[in-house]
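What follows is subunit A paired twice: with subunit B in the first complex and subunit C in the second.
And then the complex of A and B:
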């Protein structure tokens, strides 16, 4: 197990190196450059050259890359934004808890809803509750979360002169106020993400419920509750965990639309605005940090399989 | 010439202003706070609450119109200009103090601060060409600064008054914080003090109790609620959580009309603001080096139909070369010879076809039209309507949408093939719409105009210091340009300025600042 973990960590290094090179190169291939964005056609050529010099963009590309990656590896310095000239890591650390909280609540809501409806649908297959559950899942899958978010914000503002958009307060400052702010965006995001979980849960549980050992359990006279929750559910959860694992990196990058509509100062907007402004160091560093997290998270998910299915060994 | 204009800070006659209250605005986040390192209007609007300039534009009860760009004293209480228009001597108000924040700690603003700030602008800002004619800035004594220009430069005071350019900053803050992007470094002499900035959440300003104009501002504070999404901004306005859904209170006509229906209590005022949109063409290359082809484009545009179809009939049709709202400089098309005015405001498809045939295109021609589709809502329809209008006279337009980076770094700088279309920045001095758009070799001369006779007049208007004589030259330029069709202008829409009825004394001004707009604004919440 320890050797497996060490090997996976060692493999992460070339992965992250490749991510850093690809993102660095892609930013340079984007049309225009950060300086032309900054002045938007107002400045004449000498001004542009001076601005490029200020930002160090007149140096050879490999020097710029080494300067950036060297700062991270040697000093843990992720650089400063070209626009705000403020440290990127500081901003990321300030914003990440918002994204993490939204991700956590979203996953919680989607998993609880998805698994609960999935179980009912599977256990009561082809009954009215199964049909209702499946219709709900399809509805959740087909309603885009950004459309739902807009409706949730706009409709009450028109009809009740009220809207669920507040000024963000950190959980550590005021937990209740924070939850009031976070719950609506998490519900909007979570409900629309519950659909796929419900469908996977239902089909996985149906598969497991047809296995020999479940038949044995029935023949032993165990209650339905014990069979479903103690014997079948754990085995049926593996594809659900994989799905949640696959969805999680998306949450870690933040949701630009949810953050923009509900005024949440998360990582998604930080990254998106940096991308539209061609703020090279922000895009590069945030990408690298998130890539690092995704690599770590995948490792954790792989290790969790061993808990869910004791036959899996590393 | 001695220019002293008394500050007319008189109270609004109808109602006595009340002190107190916090004015909340929902707006996107500014890309930075340093007024010299960003050209964003958001940056300049944010920090205009905290900074002063040497001179400023009138606001509130002082202004005659939203585009009244007469020059009032700010930290300079008076100034003199030499007879040849090249030496400006500014006498600063005494006792003007910076906000009491470290490391400046409320020290008095002195001539050195002015020299430092103007020189920093000229060294760092993307707008630095605005002060290109400045040769030297000398501190004569603690409260006197002399600016020497290479040549007379009529737009000089307008640029000094524009909050996008010349905020007066304290050097110590840059020494301590490296630049003025840090919220703690925002230390000015303006009406509001920046108290806190939670990135991505809100910026809080409080009333400056030591502001050098006594009795104002009336507000206790201003809070910028950072709201990236336009839908959410409007929802916040509708639900009474903010006083304005845009840093200047603007809404598009669609949003304004919708708000009038859902919230009839709101004060919604359609206002013609400086703005301009045009088709620009490579006039240095075929086919647009032939004036007949350009005139055909001008006559193909059905401005009235356009106005009715897209702008509820509320747009301004006579939109260039000087924008409709810039009334002090605008020569109305009605005052031009009708034979020339038709190329600015007329619509004559038959004549357009005849001109094309005469120019050697009896069967019409095909042109690309480069553009960025991401500009605010009417623009996407603008491109399509332009293509449709031109198609009716035989000019087949292939719309070529570009990614923003590509557009702003190539097409918008004049690097494109044949034709393109887009909006203009709303400048505050007429020079930018004339010299900037038509003088050879400038990147803002998007149509590649090189017209010797015109160039002479363009230089003459910026060197003419007598406003009346300058206006005559600007009129001559407009008469000269009318039938040249170097740019083909399309109708301009009004902005709907919206706020709840509790907001009093707020007047729209097109001068980029927010601090001055809110100087005379007050809240009546009783």
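And then the complex of A and C:
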């Protein structure tokens, strides 16, 4: 087990190296230019050349890359924003709890809804509740979350005089007020993501329920509740876990849009603002940190299979 | 042809999806003839009409007809959707089959590249690339196509790998077929059903992604209407006055995604039961 974990961690290093190269190369070789934008729009410096020199962008590209990646690897320094000159890691750490809470609540909502409806649909296959569940899943798959979010922001304020709270309160400052703010965006996002989870839960459970050991459990006279929840569910959860793992990047990516709509001061908004200003170091470092998280999470998910299915050993 | 008959007979939802897709295609193709207004034709005396005989779905802050804009928006969604999926399918097939057929170092190199690409949340990566390149129909189609290709080359590679192990491939080689002939004449035809399935199920994702990028202002630039752009935050203040500005584009987008999803699922079940998901 330890060896397997070490090997997987070692395999993640070349991946992250490639990630850093890809994102760095994009920022340097694609047309958008931060210097032009800073000088022409905002007069950060008298001339393009002066600013380019000031930011170190006149050095050879490989030197710039080594400077950036070296800072991260050797000193844990993810660089400073070109525009605000503030350290990126500090800002990221300050904003990350918002995104984490949003993603956590979203995953919780979508998983609970998806699994619950999926179980009912599978156990009551081809009955009215199954059809209702499947129609709900199709609806959830079809309605885009940002469309739903805009409708949730606009319609209740017109018809019920209710508007989402726009001023963010940290969880540590006032947990209740914070949840009141987060629950609407998390519900909007979570509901639309529950569709695929419900579908895979249903089909996985149907598969498991047809297996021999379940027939044995029936013939022992166990109750349906025990059979479904104690015998079948755990085995049927494996595809659900891998789906949630595969979808984590979608949760993190989607948080950019959700944070923009509900004005939550999270990492997504930080990234989006940096992007509109072509703030190279911020875009590079945030992309790299998040990709690192995705890689780490995939590893955790692989390891969780061992718990769910004791037949899997490393 | 057989597939379409089966679709009509056995898959009511898939047929409904197909019908929606057909209506969308017809609307997009005939947009210039079936709409009485231009998509950027303003009429300041007719701002914020909810419903009227002249404007079935109402008008926006500049008095532009919403139905007209939705019909032209379908054109962008389909253009980008089909363009990107076509480009991506070719790319995915080429890299997937090459990677599987030759294996070894080429495979290792390509697959590590795919690993790295997949470590990014797709939206972050696409946003980064498009804000550097600047918004345009060509850029968004190409970028979405490349992304689609890289993501799906894994699937194609997997199928090609299993086909490569069949004895008929070995026999072809033994009979003296070259690499090109074996790959194109023997492996490719067997990967084809998978490609069709990947492409049809991918269409809804690509259309949705295009809409989210347009929503963020990184898609097709105005004045050309896109569904994502019509929903976007830039128009939020107007939506409080005229909620139909938010409702109809959201409905159109949901319908399109629903249509492509159902059609894709049905075709997948009929063409390639191995890929059957939830």
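Operating definition for what follows: the second predicted complex is superposed on the first by the 300 of 314 C-alpha atoms of A that agree within 3 Å, B and C clash if a C-alpha of one lies under 4 Å from a C-alpha of the other, contacts with A are read in each partner's own complex, and residues count from 1 in each chain.
As a convention for this text, a residue touches a chain if its C-beta (ideal position, glycine included) is under 8 Å from a C-beta of that chain, and two chains touch if they have at least 3 such contacts.
Note that the structure is predicted; figures quoted are calculated from it, not measured.
Aligning the two structures on subunit A places subunit B and subunit C in clashing positions.
Contacts of A:16 after superposition on the shared chain: subunit C is touched, whereas subunit B is not.
Applying the stated contact rule after C-alpha superposition, one finds that A:294 touches subunit C and leaves subunit B untouched.
In the superposed pair of complexes, A:36 makes contact with subunit B only, with no contact to subunit C.
Once chain A of one complex is fitted onto chain A of the other, the partner contacts of A:154 extend to both subunit B and subunit C. Contact with neither subunit B nor subunit C is seen for A:75 once the two complexes are overlaid on the shared chain. When the shared chain is aligned, no partner comes close enough to touch A:62: not subunit B, not subunit C. In the superposition on chain A, A:84 makes contact with subunit B only, not with subunit C.
Residue contacts after overlaying the shared chain place A:220 against neither subunit B nor subunit C. Of the two partner chains placed by the overlay, only subunit C lies in contact with A:250; subunit B stays clear of it.
Residue overlap on subunit A between the subunit B contacts of one complex and the subunit C contacts of the other covers 30-32, 150, 153-154, 157-158, 257, 260-261, 276, 278. Residues of subunit C that touch subunit A in their complex: 13, 112-113, 115-125, 127-129, 131-134, 208, 211-212, 215-216, 228, 231, 233, 236, 239-240, 243, 246-247, 249-250, 253-255, 257-258, 261-262, 277-278.
Contact residues on subunit A toward subunit B in their complex (touch as defined above): 30-33, 36-45, 47, 51, 54, 83-86, 91, 94-95, 150, 153-154, 156-158, 160-163, 165, 167-168, 257, 259-266, 269-270, 273, 276-278.
Contact residues on subunit A toward subunit C in their complex (touch as defined above): 14-16, 18-19, 22-23, 26-27, 30-32, 138, 141-144, 146-148, 150-151, 153-155, 157-158, 196, 198-204, 239, 249-250, 252-254, 256-257, 260-261, 271-272, 275-276, 278, 283, 286-287, 290-292, 294-295. Chain contact summary for the complex, subunit B toward subunit A: residues 29, 31-34, 37-39, 124, 126-129, 178-179, 181-182, 198-202, 225-229, 231-232, 234-236, 238-241, 262-263, 403-406, 408-410, 412-413, 425, 442-444.
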